[in-house]
Amino acid sequence: MRGTATREDIARVVARLAEVGADAHVSAGKHRTVIGAVGDREIIQELPWEAFPGVERAVPVLKPFRFVSRDFRPEDTVVEVGSAKIGGGHFAPIAGPCAVESRDQLFAAAEAVVAAGARILRGDAFKPRTSPYAFQGLGEKALELLAEVRQEFGIPFVAEVLDPRDVELVGAYADLIRVGTRNMANFTLLAELGRQNKPVMLKRGLTATIDEWLNAAEYIYKEGNHDVVLCERGIRTFETATRNTLDISAAPVVKAMSHLPIVIDPSHSAGYRRLVAPLARVAVVSGADGFMVDVHADPENAEVDGAQAILPIEFAALMEDVRALAEVMGLRL
Amino acid sequence: MRGTATREDIARVVARLAEVGADAHVSAGKHRTVIGAVGDREIIQELPWEAFPGVERAVPVLKPFRFVSRDFRPEDTVVEVGSAKIGGGHFAPIAGPCAVESRDQLFAAAEAVVAAGARILRGDAFKPRTSPYAFQGLGEKALELLAEVRQEFGIPFVAEVLDPRDVELVGAYADLIRVGTRNMANFTLLAELGRQNKPVMLKRGLTATIDEWLNAAEYIYKEGNHDVVLCERGIRTFETATRNTLDISAAPVVKAMSHLPIVIDPSHSAGYRRLVAPLARVAVVSGADGFMVDVHADPENAEVDGAQAILPIEFAALMEDVRALAEVMGLRL
Amino acid sequence: MRGTATREDIARVVARLAEVGADAHVSAGKHRTVIGAVGDREIIQELPWEAFPGVERAVPVLKPFRFVSRDFRPEDTVVEVGSAKIGGGHFAPIAGPCAVESRDQLFAAAEAVVAAGARILRGDAFKPRTSPYAFQGLGEKALELLAEVRQEFGIPFVAEVLDPRDVELVGAYADLIRVGTRNMANFTLLAELGRQNKPVMLKRGLTATIDEWLNAAEYIYKEGNHDVVLCERGIRTFETATRNTLDISAAPVVKAMSHLPIVIDPSHSAGYRRLVAPLARVAVVSGADGFMVDVHADPENAEVDGAQAILPIEFAALMEDVRALAEVMGLRL
Amino acid sequence: MRGTATREDIARVVARLAEVGADAHVSAGKHRTVIGAVGDREIIQELPWEAFPGVERAVPVLKPFRFVSRDFRPEDTVVEVGSAKIGGGHFAPIAGPCAVESRDQLFAAAEAVVAAGARILRGDAFKPRTSPYAFQGLGEKALELLAEVRQEFGIPFVAEVLDPRDVELVGAYADLIRVGTRNMANFTLLAELGRQNKPVMLKRGLTATIDEWLNAAEYIYKEGNHDVVLCERGIRTFETATRNTLDISAAPVVKAMSHLPIVIDPSHSAGYRRLVAPLARVAVVSGADGFMVDVHADPENAEVDGAQAILPIEFAALMEDVRALAEVMGLRL
């Protein structure tokens, strides 16, 4: 309460808490009175406390999400994506081109990443682009090529969905459906994904707090789909030496707060090819459950994000380090 | 180019520029060589320059958007929303409840804001909520009530759309369709809005640069809908004393870069009732073309964002100041 | 407390609170136990609660500063700077060159700003520059020139101090001593300024929260110097269209939290000349008690920050608006 | 140049460049003219280009620092701190209490970290505290205790200096003098440290870009002291789950841009004990040259930052992992 709050102001808050079945603990200090509210957090947090006379600020103490928290489920969730597992000691290297551009480009990249040890292929059919004049993806044609690659190399794949109207289409092909950073708070899309049964990878919003990200996961989870993989991909800060700032602390923080697995995307975090290998190694020892990197056999001619794609030979060298580090950490690849 | 770039590296960049019909200006300094690229910006900016050997960084000098820039159209765009105008010296006060909660709540707020001088009513039918457990809006029922209010008080209204599948529905009722901050980069939704003919208000993403915001406006504009109003509503920073940080400089910056009108949302920027009036006054003298404030006759019982809603009596007092300030600035209300 | 906290963990926290003379209110929820601590805030906040077993997080409810808060002193502090007053309804226009570069430059700017209605002159003797290769100021020579100008035009002046060893020197000349944004948390310097008797202007750190800023003011205040003026000058965010992001909400927020006056610096916030006048107008209606703008008669040849200096003729035009807006707001210039 | 720039505006910029001995490359596009400036970067970057009529924006292409860049010195700098080395393949574990609080506390921590394999001891005599009411350090008494520990255990130590007047004092005792995050841009202090001969550890400012940080290192380096170690300690972002956001990408970015060694501070980045070990492991594989962690035998009773200190037993376990990871990475501890 403010220093100027009256007895009536305090009584009004206490009365409203009582109305919704919550307890009020009133502590009168020398300068201020503090009221602790104990009860159902969803109800208490929804009330507009700062609109009450005399209230200075409502400070939430508990988290707003429920099912995705460690409190709700103490053991690690392990998400199965075709033949691959993510979480619970299983570390998943995910690799491939940012976007599917052609049959040749996709097969070249897929062959290379499978040979080097990737467990899941990435490759997008629909691309959200900042500029309306940029390449927007091959659409269903790309999904068909990805399914062909899966058949050929026995590797499951992940692809992004942008529009709630495409969930069924992408889900008919992909082993893991990705929600991109720009759509993390597209609650319509999240609810749609929660009502189908393919696993979902939820990228963190460029500007989302970890709490908001877990709330977004809750949107999917509470609709009935429990196979959610989180993906940290850098947040927006003032630093411009990298495209975004990889928040590597998110890995141990998320593992403490939630039972869901988390993977790291070094390519989209950093935005520059030479930063990808160091940040992928970092992922292995951070507590994360996987990483996802862009690999392109001819990045100079890539349609999308060539600047951050590593070459097949660089990916193979990285996987050597990854195997050694995973062994130190006791992780299964 | 990096300090270690070879002649071949430089020649390769120059050759690629020539391939796409652009000119290369090579400046060899003592430590570094800098290559200036001159040609079609959309083509040059899409190429993955950092993927070329020896390239350190590509620094864009020109802006990526075209139609929404002042270069393309030097005079101010004036957007007509029913009987109201926004831009070109017309300052539009927009006010009303955050969400439509009931017939009584809406009519009480509408009557008050019309009496005080608001030119457009706000009131939402669909609400994107961080928590899946919060009130999500009354849907079409709310749109019907808003249309009834328009009939009764002769005031046009703005309402948010969340899902591309609802564009037709919202457009059938509203005078101005709003894209919320979480959907600024929902390019599917933007393209849909560009293909219908109701004016669109595009809120700035919580973390969007002004360039990205204007790019998003370009998505709508290039599809054929030229009635776009920008809305600054605070950006995410480290400061927590306010819900977001109102970037008031965006008003003069946008007016210099673009011909589109811009309005300010003090309520969602600040998040606290007592900050709304000062920030609304600030909007009037900043170069902006309007403001949008939450007004609720009973904020303690509001379902959504009650903490930031001002009372009808406070709105009336604010409008007194607004009239005096608008006169100093030579603005028509 | 964490969900896994034991009874012993809870007892330990309660016992420690008792040791320091504080009360503990224990609320046992379904998933979590929350302990409210009531007592001397300085003592409780200094204890390393997160180091205790079972503690998840300590959430401070009260502010850490005391003397600069409105709770401590409800009425506005008015700071007198020579013939000028700041605060309590007195709005102070401060203007002049960023740095003193020469006698002619200083006199030209001073004559112009006095004629247009500035009440305090700005002009620096010592400049903190990001690059060690840039102009660093004229030192004591500049202070002598400023004193000469004061004699000639009867206007008091503000100048920055960088080094605790220069406090005496700057204080011997200036009417108001400024602490720059880079030194806001230079506690050695703050304490030194608290022990002398010239008024101090404390700029907000580029990245400081309002709480941290008020804490820094507390460092000065508690040493005995109560004449502290706060200066908002933009914070660092991801936006690059402006040099920094002016946090205009800081004006009403600070006025609510503290009795100290606050001025706005549009020049260093924006970094571009054409944004200065709109942001200075904004300051007048925001609740702030003054503004400080860079004025230079020949900005193309300025040694420091020429890009953000406005011309004398632009300043005169701005002051016309300022007079009209101040009248609307009931402020004395 | 702006779209509205005239021929005279362009000629004026070209003429000014010629005056300072620089070349101008003028590229006239359809909408805009771009002028490339080639010459001495210190001179060109200091000119107030945005103050020239018709100029829209000056975009720097080259970095403002010189001596600390890889261009100036391609091979790694190895800094010797007593018996320890940092850089060039030498990875330095630095550990100890945040502040020296007592003889017993310091000896307990020092004995434990030496036994576990730390190569440099940390422990501060002067503490910059946000609140003026918090413990400020033991001063010279602490430095004497640290020197005693060095004698006893044969381990060099690092300590912070806050005031330019204390440089001589701290330098008389410490093997490595630290500049804290709040003083990164205290150029007076940096210049003083550049003129003495003890190695300096320069922490990154909470809000400093990597460019600004390297510029601050340049301040020290150009005065003649070439033994500078950079320390990444987290930057300020919107995320509040950690005290700051560790920018781990800074390690590979700095190694590419500069020859100076860099260490990581997981304790002050994270702010919570359980995050320290994962982030210290991350440091080993990131390309960094060391880490610095807070270790305290009794964190519940620590005067400063107990929440982020790990126990001696936790540090010993961490060092087991560190040895295995360093071996994979080919680093000497």
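By written order: A, B, C and D. Residues from 1 in each chain.
The rule is simple: a contact is a pair of C-beta atoms (placed from the backbone, for glycine too) under 8 Å apart; a residue touches a chain by one contact, two chains touch by 3 or more.
Because the structure is a prediction, the values reported are computed rather than measured.
Engineer: Between B-D and C-D, name the chain pair that shares the greater number of C-beta pairs in contact.
Structural biologist: Taking the two pairs in turn, the one with more contacts turns out to be C-D.
Engineer: Return the chain whose centre of C-alpha atoms lies at maximal distance from the corresponding centre of chain D.
Structural biologist: B
Engineer: Round to the nearest whole Å and give the separation of the Cα centres of chain B and chain C.
Structural biologist: Between these chains, centre-to-centre, one finds 30 Å.
Engineer: Let me have the rounded angstrom distance from the C-alpha centre of chain B over to the C-alpha centre of chain D, please.
Structural biologist: Inter-chain centre distance comes to 38 Å.
Engineer: As a quick test, compute the distance in whole Å between the mean CA positions of chain C and chain D.
Structural biologist: 26
Engineer: On chain A, where are the residues touching two or more other chains?
Structural biologist: 207, 236-238, 240 - these are the residues of chain A that touch more than one other chain.
Engineer: Per the contact definition, I'd like the list of chain B residues that touch chain C in the complex.
Structural biologist: 207, 209-211, 235, 237-242, 245-253, 256-257, 269-270, 274-275, 278-279, 281-282, 284-287, 321, 324-325, 328
Engineer: If you look only at chain B, which of its residues touch chain D in the complex?
Structural biologist: 3, 23, 25, 27, 29, 31-32, 34, 36, 38, 59, 61-62, 70-71, 236-238, 240
Engineer: Under the touch definition given earlier, write down the residues of chain C that touch chain D in their complex.
Structural biologist: Those residues of chain C that touch chain D are 16, 42, 45-52, 58, 64-65, 128-135, 162-165, 182-183, 185-188, 191, 205-207, 212, 215, 218-219, 222, 236, 271-273, 299-300, 302-303, 305-309.
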